[in-house]
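Below are two complexes that have chain A in common, paired first with chain B and then with chain C.
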Partner chain A sequence: MSDVALALAPVFLPLAGAAMALVAKTLRGSGPAAAMEAAGAAVGLVLPWAALAVLLPRAAGGGVAFVVSGWDPAIGIALRFDGLAWLVDALGFAGAGAAYLYSRGAGPRGPLFTAIFLIQTSALAATASTADLFNLFVCLEVLGLSSYVLVASSGKPGAFLAAFSYLAISSAAMVFFLVGLFGFYRLTGSLSYEGISAALAALPDGGGTAASLSSACVAAAVAIRVAVMPVYGWLPDAHALAPHAVSAVLSGVLIKTPLFALGRLLEFLPAGPASMELLGAAGAVTALAAVLVALSQKDAKRLLAYHSISQIGYVVAAWGMGTRVGLQAAYLHALFHALFKGLLFLSVGTAADAAGGRNVYEVRGAGASLRRAGDRRSITVVAYAVGALSICALPPFNGYASKGFVGSLFKGEWRYWVLFAAGACTIASFLKLSMIFLPAKEAPKDARTAEAAPAGAEPPRMSVTASMKASMILLAGLCLATAAFAGRIMDFTGTMLGVGAGAPSKSLYAAPELAKAGFGACLGVALFFVAVSKPGKRAATLVRARPRSFAGLVLAFAVGLAALGARLVLFP
Partner chain B sequence: MRRADIAGTLAGIVVAILSCAVVAPVLLPDVPWPEAARDLLAARGLGETGASNLVSAIYLGYRAFDTLGETIVLLAALAGAVSLIGAARDTPLHGEEAGVAADRGDYRGPADKRRRLHTEIMDSIAGKLAPIVLLFGAYVMLYGHSSPGGGFQGGVVIASGVIFIAIGRRSGGIGRIGPRLTVFGPRALSRMEASAFAAIVLLSFPVSISAFEGLRAGASAVGVSVPAVSYIVALNVSIGLKVGSGVALMCVMMLGGESE
Partner chain C sequence: MIARALVLCMFLIGIAGLVAKRNLVKKTFALAIMNSAVVLLFVLEGSSIGDEAPLLGGPGASFVDPVPQALMLTAIVVGVCVSALALALAYRLYKAYGTLDVDELKRLSGHE
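What follows is the complex of A and B.
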């Protein structure tokens, strides 16, 4: 098979799997249908790894750039399968594979879910390698539409509304994307990144205001998908109300792929570095602001959702530097975050289902509930511990390596201290979330409730099945493996992204860094006690009660768009 | 006006002003229109793809990969709509007591409206129109490469033909197609949708395009000429069947015909 066909395999294999799942839906008899669906999932989620393995040498050696079906590059669709595309694909298939495995046990099940899930995976791969503006639009639409359907598939009260508000805001943003796309096409007559870049260079002032504002439209529309401040408002509901497996993919993979795709575009635009700088600064602010909101949450999954925003803030901050090292740090944190946040969503979701509630102030004894639900070896609790220690960036877990790497880029800047503070708050909020695993209090004093639900005798609400355990073990294993080989992975991503050596894999474990981590941890513990104290709880209630509305989200988008546009036009 | 309304109105005005300020310079630039891509398309578009209309040459030739994406967008949207219809059926209509619906025994969600819509005029006209609409849909789909139309448009027309059949063949109706015929039942429609989608994925893969070119070369070697446009026709037909069966499936479910 040619390189071009191979480079498209990560896109087409999941699509073929989706087609098989759709066929499975129409088969009579549950045996053949289940077999067909499983085969489709294998084709869509396992086979691409073979393609990626074969493609590895090519991707490391500069990649394959081609026009689909070999048409003239002036009209055809340019794609670029390089090191970045390979890495983002690997991230996508790892996150999606583990989440799909979990969904086999916990639901949602059914061929239609499988088909939409595989379509989303395929769109992730397509987004990672596109080098054509209209194709990027199509990829984002497919990504978006499949995730609205997946969010709604949980059927929880509120999930439909969350999916709808996600749909409405991203569709509105995509209108601006199209306007930006029109702007570039109107100026350059080209849709491929290289063509746009060449034609803009030929224009008298590089396209002037029109080109700058077109860049702003495109970047702001993608920023909605990435959920950076101030346009993050759709995410908490969508991620908190989606099925656990879908939450894991949405937060682990789906919010990052558009960011790397946007970076690919901005590399070619004159307004690119300035846009990235502004988004990067927004990212650093996001990292701290979102974690403060997270600290005040009482719903376990919503707390995790705010952490996704905070962690994507780290990624965007590093990405916003616009250098290859910045990209490497961003990818590394994106990858590690996909693993530990996927693990956290799955383990916390399982624990909350087993305990029958998600309120971190009320749920206690989740470990005992999990044991009743069939998790005798406490796999879920161990998985949660691995995920929490990783996200808290305690050495030697993988989060320490990637957050340390991101931080080392900003030595001596305000961003360094913002990210440091965000790290301390992360520790505090995970201590708070861990309270659900505290032993249950004494049986309630209220005689009536005690009679209705005698402690220890209630039947399990759900059962932790083998595939759920397997998925959590897989992700926990990957977290530990990436922690153990963090240095190797840094070197590998450096090679793939064309960065020379220079990643701080050794200096991360120097004494001053460790001391700083220890100081951050102490600060986090102190903050935790403040947060669970009476005044802390009152403050949390205030934060939770702040009005969140769809109109506010639209306003935030317009303000963000205008700010980006003003920055690009007034200070070129 | 309440205070929230005033705040909302003000916010709306701010949003409108800000977005207009950003969008207007993009939409009204003072540079000349670029011509390179236009001239290239005019010179080579028809010849290279074999289509006799440029729109088809673009969306099924040069940009077929995008079209694949748009087809998938439609597929996902339809899947979402179908699952919403399913969820809506399980939930009683707003303001209606669940108990009342259960008492009636045959409550089937919004589909209950059909009794009021079900008239003899509807039945006879829908049944008679259906074959004509289906024929027209097939024409639009098959001739998309040479006249305005194509898979997406043809598919929607075909879907309306199927809806006519679904309306016309209700029990007691005098539809042209007997009520026992299940060619256009939900199961058959979803089967058709799945296979048409598989065909589109297969056709769009670059290897099959070169395989098709190889086939053409082989055929012309033995004296059979396969026109270059047949690839576009095949893609148009698959898209048409996919869109037609998908939209029809959704509408048939909305009509409450999923139980057949």
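What follows is the complex of A and C.
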């Protein structure tokens, strides 16, 4: 098989799997249908790993750039499968595979869910390797459409509303993307990144204001998908109300792939570095602001959703440096975040289902509820502990390596301290979330829980099945493995992205860094006690009660777009 | 120039509807209007170099630029998918709560 055909395999194998899942829907008899669906899932989520394994040497050696079906580059679709595409694909298939495994146990189930899930995975792979502006538009729309359906697939009415808001704001943003695309086509008559770049370079002023405004439209539209400040408002509802498995993919994979795809485009544009710088600064602010909101939440999954925004802030901050080392740090944190946040969504979701509530101020004794639900070895609790310690960036977990790496890029800048403060708040908010695992104290107050109190008297609300456990064990194992081999993974990503193996894996464990982590942890514990005190709770209520509306979301997008446009036009 | 100004008006009407209307179906219409405005913009631009249909064996000299038309064919398909899904979601919300008003829905579904 040629390299070109292989490079398309990560896109087409999940599509083939989706087709098989749809065929399964037409089969009579549950046996053959289930077998067909499982085969489709295997084709879509497992086979691509074989293709990735074969492609590894080629991707490390510079990658393959080609036009699909060998059309003339002026009208064909340009793709580029390089080290970055390989890494983003690996991230996507790892996150999606583990989440799908979980959904086999916890639902949603059925061939339709499988088909849409696989279409989304295929769009992820396509987004990662596209080098054509219009193809990027189509990939983002397919990615979006499948994710709206998946958010709504939990069947809760609130999830329909969240999916609608997500759909409305991101479709409106995609219209602006088209306007930006129009600007580039008019200026350059080309849609491939290379064509646009070459034609802009030939223009006397590099395209001037028109090119700057077009770049701003495209970058702002993609920023909505990445959920960086100020355009993050759709994310908490969508991620909190989606089924747990879908939340894990949305937060682990879906918000990062568009960022790396945007980075690939911005490399070719004259306005690229300035846009990345502004987005990166917004990312650092996001990291701190979102974690403060997270600290005030009472819904366990919503708290995790705000953490996704905060952690993507770290990723965007590193990515915004515009250097290869920055990209490497961004990818590393994106990968580790996909693993530990996926794990957190699955374990917290399982615990909340077992305990029958998601309010972190009320739910207690989740460990006991889980044991009643069939998780005798406390796998969920251990999985949660691994995920929480990783996201809190305590050594030697993987979050420590990636956050340390991101932080080391900003030594001596304001961003360094912003990210440090965000880290301390992360610890505080996870202490707060961990309260659901505290043993239930004195006699339960309200009558409903009083009935549930005698152990075994009430049938468990759900059961923790083998595939849910397998999925959590898989992700926890990956978290621990990436922590153990963090240095090797840094060297590997460095090679793939053309940085070379010069990552600061050794200096991460130097005494000052460890002291800083210890100081951050103490600060986090102190913050936790402030947050659960009376005034802290009152402040939290105020933060939760801040008005959030759809019009506000559109306004935020307009402000973001205007800021980016002004930055690019006035200070070229 | 007038054509462009009209397209801009259409685009602004779309945005205004998306922000100001509280009915989910009207929001969906507003999205479709915004999308159509951009489609018209592309087609208008493509026709600035000629307005004959770009067919093999045609009169030759003044073809429209076929690339924007091909792009917009795809964009229209995407737009239809978005509208269909938005209407499906609105229908499910109406079945669950008996209203299409977004503020009312927010209150009923207990959004914080």
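In this section, the second predicted complex is superposed on the first by the 560 of 572 C-alpha atoms of A that agree within 3 Å, B and C clash if a C-alpha of one lies under 4 Å from a C-alpha of the other, contacts with A are read in each partner's own complex, and residues count from 1 in each chain.
By our rule, contacts are C-beta pairs under 8 Å (C-beta built on N, C-alpha and C of every residue); 3 or more make two chains touch, one makes a residue touch a chain.
Keep in mind it's a predicted model, so treat the numbers as computed, not measured.
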Partner chain(s) touched by A:Ala470 [first = chain B, second = chain C, both, neither]: neither
Touched partner set for A:Ala168, first chain B, second chain C, both or neither: second
Which of chain B and chain C A:Leu203 touches, first, second, both or neither: first
Of chain B and chain C, the chain that contacts the larger number of chain A residues: B
Touched partner set for A:Glu141, first chain B, second chain C, both or neither: both
Partner chain in contact with A:Lys25 - chain B first, chain C second, else both or neither: first
First (chain B), second (chain C), both or neither touched by A:Ile119: first
Touched partner set for A:Pro157, first chain B, second chain C, both or neither: second
Touched partner set for A:Ser69, first chain B, second chain C, both or neither: first
Partner chain(s) touched by A:Val179 [first = chain B, second = chain C, both, neither]: both
Residues of chain A that lie at the interface with chain B and also at the interface with chain C: 75, 134, 138, 141, 145, 148-149, 152, 160, 179, 182, 185-186, 551, 554-555
Residues of chain C that touch chain A when the two form their complex: 14-15, 18-20, 24, 27-28, 31, 34-35, 38, 41-42, 45, 67-68, 71, 74-75, 78, 81-82, 85-86, 89-90, 92-93, 96-97, 102-103, 105-106, 109-112
Touching residues (chain side chain A, partner chain B) in the complex: 1-2, 4-5, 8, 12, 15-16, 18-20, 22-23, 25-26, 68-72, 74-77, 112, 115-116, 119, 122-123, 126, 134-135, 138-139, 141-142, 145-146, 148-149, 152-153, 155, 160, 176, 179-180, 182-183, 185-190, 199, 203, 207-210, 213-214, 216-217, 551-552, 554-555, 558-559, 561-562, 565
Residue numbers on chain B that touch chain A, as the complex places them: 8, 11-12, 14-15, 18-19, 21-23, 25-27, 29, 31, 33-38, 40-41, 44, 48, 58, 61-66, 69-70, 72-73, 75-77, 79-80, 82-84, 87, 187, 190-191, 193-195, 197-198, 201, 204-207, 209
Residue ranges of chain A in contact with chain C within the complex: 75, 134, 137-138, 141, 145, 148-149, 152, 157-158, 160-161, 163-164, 167-168, 171-172, 175, 178-179, 181-182, 185-186, 191, 237, 299, 302, 544-545, 548-551, 554-555
